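As written, the chain order gives the labels A, B, C and D, with residue 1 at the start of each chain.
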């Protein structure tokens, strides 16, 4: 449709309507949590919450790169598992190993992203299938590497990022390192997506790949970069989650769908062209808040699943409705 | 003609969020007439048709078919009422056969099972109407047909429905002269048989040739109704609302004409053979030819998207070889694609982003998106201002702009890079008359500033009006070259290689 | 239509993509026979073993037949695994060992499948929720409701009903015959009925189908009902095979992702509108063969994972690399 | 739409009604008492090789299975999808090396799927090369027909870990059982807390027989002792989730004891207390090295009931003895199930072993130890 549109310049009310609903949802959930459990207002309460959401938030911010570029990355959860298991295999209880293991893992992440990107771009395999294959393969690699059970601890230097709390901070008393990571990587991902040529080009290829190519966008390189960012943020998320939780065999499983869910809650358009890093991260925080809230309400696990399913469908249906109403 | 109109649309109004598409439009058609519906793009013709066919519901007003009030909520209901529409965008399924496409959604069923033989027979019958020259097999997959044949299938689909009313939205866009003639005589036959045709076109020649009556829509309202076909100037004046002075810009002067920028010798690939030509700075070179003559293949070869496999290309006298669009862009060649929606626009991105995309593509990934070696946001805004891109704000999404403004915005994309050669493919397709003039002037300004402009168009009058020199292509080769002032007949003769057709076209 | 999309050079009479799944099937048969001969385990080259290979993946096969419908209509269904669990549980709980309850149980399961498919279809076509999200949400909801009531094998399937999985004509199990009959029926529907034709049309180009008067929503809903019904039947079969149903048996078989993988390996494209049932059946048999090959050569369980992931991607690349479609 | 609502409502009623009718019975006082007795009872066989010990005197006659070597022993495994099974499977492969009569050891892995395991057993039977079949069923009821089919083909079948509901196998090898595990952990909690103390019960997932019986055993004991059960939470064996759950409970009040039905997440639970700066209360775990070491390092009141991985050795031994025609304990071979307590903690800690190694592996004396289990000398 190319009907002439003369939309009225944004009145205050209209602008209010344009606020991404994920922020409203997040605030509402946090208010509900505080009402149910005033202890949440204590630094210990909200810091714990942010600390546990950090890995998913960073992961969602990275996954958004692939989503906005018009694809899916189902391999991020397996990449997290590989990060934790691989690190524990390499560390052999040596605290100094962290300084080379994390860069090495980031390198492996970049390599995995590169392969995903190459397979999607040059072998033309739909990203859903390509990254599904990668997910299965990486899980297998993690198992083969460790023989099924990790053979080392993660040293405390490694666990620092996900576990350590800086104490004696004025006002809040404790300040988890994971939150610093969240802010730093959040800013990096935001900057990359919303303040660089790369970010604009990712939007362009997700919007209309053919047009982007004819306009000179190096489509393959941009897409590959998006996959690399996604995989590398999975490594970062893996380091933080491994730090928080310690070694286990399937630590990252399920995170791929949670990351997509968070991005969608944040208003990202599946199949590309639209999405925001802060909103995706807010989506992750909202998801974690939902879990916390349901936990506080003492609802059993099955009910949590049902609620999660309903919210997921509801959020997307609402987004579609708004998009239709505010004009296509 | 009977007294009750076949179609009567009374006081139709329809708004979309932020847009008033139609206001109090009344429109009626009699049995057995060809009714031309003309108007600029965005005037509301498509909306009117979509209301008639049940794609949209009107906000107010009534639709009467044979005098009975109807409320279509789905295209199926209007089909059952005898109205079929050939949309501008193709609605064929490339992976299915011709027969399956012809019977899309209304396959004959016998005993619960699709009657494949009946489908094939009927398909043969309808396709037979096009004559032996355009032979299409019912079991051919549509993807294997060329564009013109696909358009014919599209038309055959409407005919086979034996509808009372057939709406044709720019049906000749992909057809060559001889195919157009086939279509026109078909329309004559249908009219004689009592079918009503609503014919939407931008080509005045077709209005003159076919129509019994003309309705002009402007800004969502009926601007004029003619019970006879007036001269084209009158129609255009009503559409635009004013006389169009200097519709085409003045031609280039010899002083402006510069050196050869781009030269091709013996160029060839799967679609092209033995291509020799030159583009000069300061000059608009028009490329005419029938659909499939290889003009866009030539553009894609120059642009490196479908590279030459033989021959040499020189740019500023130096030999070059482009195997990827980026090579060509880096060397100073730009392309305005023919299918804006599919190949040009980033509809969800802002006007600014659409303008900046090419400049950004050649800057560092991690550099700021606001500025780069070629331009910055302020410079892009200035460019938009200068080109009079009309948008509520340059931060608006591209999809809310009209076709003409969208085209300007993506021209701006290239201007920022100051290209040596700019290739326009169908630069004014689907753009309204006013905006067309703007695009022609833009091309001229570009040439004056020293670029070589290559203009590929199927609209012969616009090539004659805007180009300094005309190259004609036929079957993947250069068939001839003409200076400004050549006649339509000269060009057609060269483009078809058939003398009698050239005579008709004149 | 654009001038810039160049018409493809005339294709020859032989259309590779139409037979590609056959080639893949042939290749895996050759590989299997080769490996059996080389490793000297020629005992495996028996009719018994052929039947056992074909019988390996009946649950997957029945599910994949349904998934083919969903994917052909350019949708996808991630809720099949949960629905299989739910159907199996309903089967065994309603039957509860009583042969007289067999018919009511079957009807209840089919009704359940129809309702789930209907809701999936409605949410996707009317609320315009992305099918991935809609069915993921549905999956969570089904799984939640199911686990709220059951947390173990529940009920019992009477011996009479176990005939479905364990009975056979000679050495050919009924269930195998049933799967191929179902596939034949699905093929017939897709090839010779209006509904089948509409599925290809809506999957190929939704707008064109709608403009041609096809009720696209109805077709999408129909495809999802078929998909869910097949999953429900797979649940019936699994209950018969396992003699009871438990809320995890669908998830544990990964029938959601595996059914998508076999459909795609069978040459049906994720974008919809192209492909068919026999390709899917070839995909299912390829999967069974791969499993058997792994067992024959005694491949390490973890290496198996890695290889399987690579095979999925390679098989899809085998088609995709030739296609001129844009990648996503 | 109305119809739809009716249908859904009908379905829900169906579900609810049926659920009432047939909740599976994991609360069996007779079995509870039997296992309680077995925990402290006497076992036959060498005390230094618990994997050879057995409760009771019943023996299965295997003369008809006597066969000359070399044998092909086939093993249909539910999966090696967690460290417990990995350690066990290593035990098993190392045990195979002790028996030169075993020519081929064929392992097929069902990757945690009943459906696949049934097909795997079919494959093994169709191949026709197996001398004996060992099955570690993925679930009890589902694998019964497949096991029956294998028995019917004349093969000696050994089942271990989870059972099947038929007694056609030669024997079913298993430790005392789930109630026993629950009792050991429950008694420890009760002994170290007073009435009214808050106990958090952490579960892996619902529905698995051995885990359900562990929970029901302990739950009854806690109620009897007047302890206050704060909640029963499922962790999916996920460390991060475990930590979150404990953090949330800590925010709402004090926790005097954490009881868990399997130790995989024990360290995560302990860390939640550590990170919150709260003293670690009574915690029950399992014999994984990371937990044992944490326990020692922090010195909280811990216990590690076990579900010994040495039963994987026993399965091979049972198969070998069967093929030799020697009698084996049957139809059930009940193995001892010791708990690691503070007194014997140091014996089981070995920092050279991987963190997720299960200490009660009975593998210290095997030739491949410790490298095969991922440890270093």
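Here, a residue touches a chain if its C-beta (ideal position, glycine included) is under 8 Å from a C-beta of that chain, and two chains touch if they have at least 3 such contacts.
Worth saying up front: this structure is predicted, and the values here are computed from it rather than measured.
Contact with both subunit A and subunit D is made by C.
Averaged Cα coordinates give subunit C a centre that lies 34 Å from the centre of subunit D. In whole angstrom, the spacing between the mean C-alpha positions of subunit A and subunit B is 43. Separation between the centroids of subunit B and subunit D, computed from CA atoms only, is 71 Å.
Averaging C-alpha coordinates per chain places the centre of subunit A 30 Å away from that of subunit C. Within subunit A, contacts with two or more other chains are made by residues 147-148, 210, 301. Each of residues 145, 147, 301-302, 304 in subunit C touches at least two other chains. Annotation for subunit D: residues 80 touch two or more other chains. Interface note: chains touch in the pairs A-B, A-C, A-D, B-C, C-D.
Per the touch definition, subunit D reaches subunit A in the complex via residues 80-83, 85-87, 89, 231, 234, 237-240, 242-245, 247-248, 251-252, 264-265, 267-268, 271, 275-276, 290, 354-357, 374-375. Remark: subunit C residues 41, 43-44, 46, 48-49, 52-53, 55-57, 59, 90, 93-94, 96, 108, 111-112, 115, 118-119, 145, 147, 149-155, 162, 166, 238, 241-244, 246-249, 252-254, 291-292, 295-296, 298, 301-302, 304 touch subunit D in the complex.
Residues 1-9, 192, 195-201, 203-204, 207-208, 210-218, 222, 225, 269, 273-274, 325-328 of subunit A touch subunit B in their complex. Considering their complex, residues 1-11, 192-194, 197-198, 200-201, 204-205, 207-215, 273-274 of subunit C touch subunit B. Residues of subunit A that touch subunit C in their complex: 70-71, 119-130, 132-141, 143-144, 147-148, 209-210, 257, 260-261, 264, 270-272, 300-310, 312-313, 316-317, 320-321, 324.
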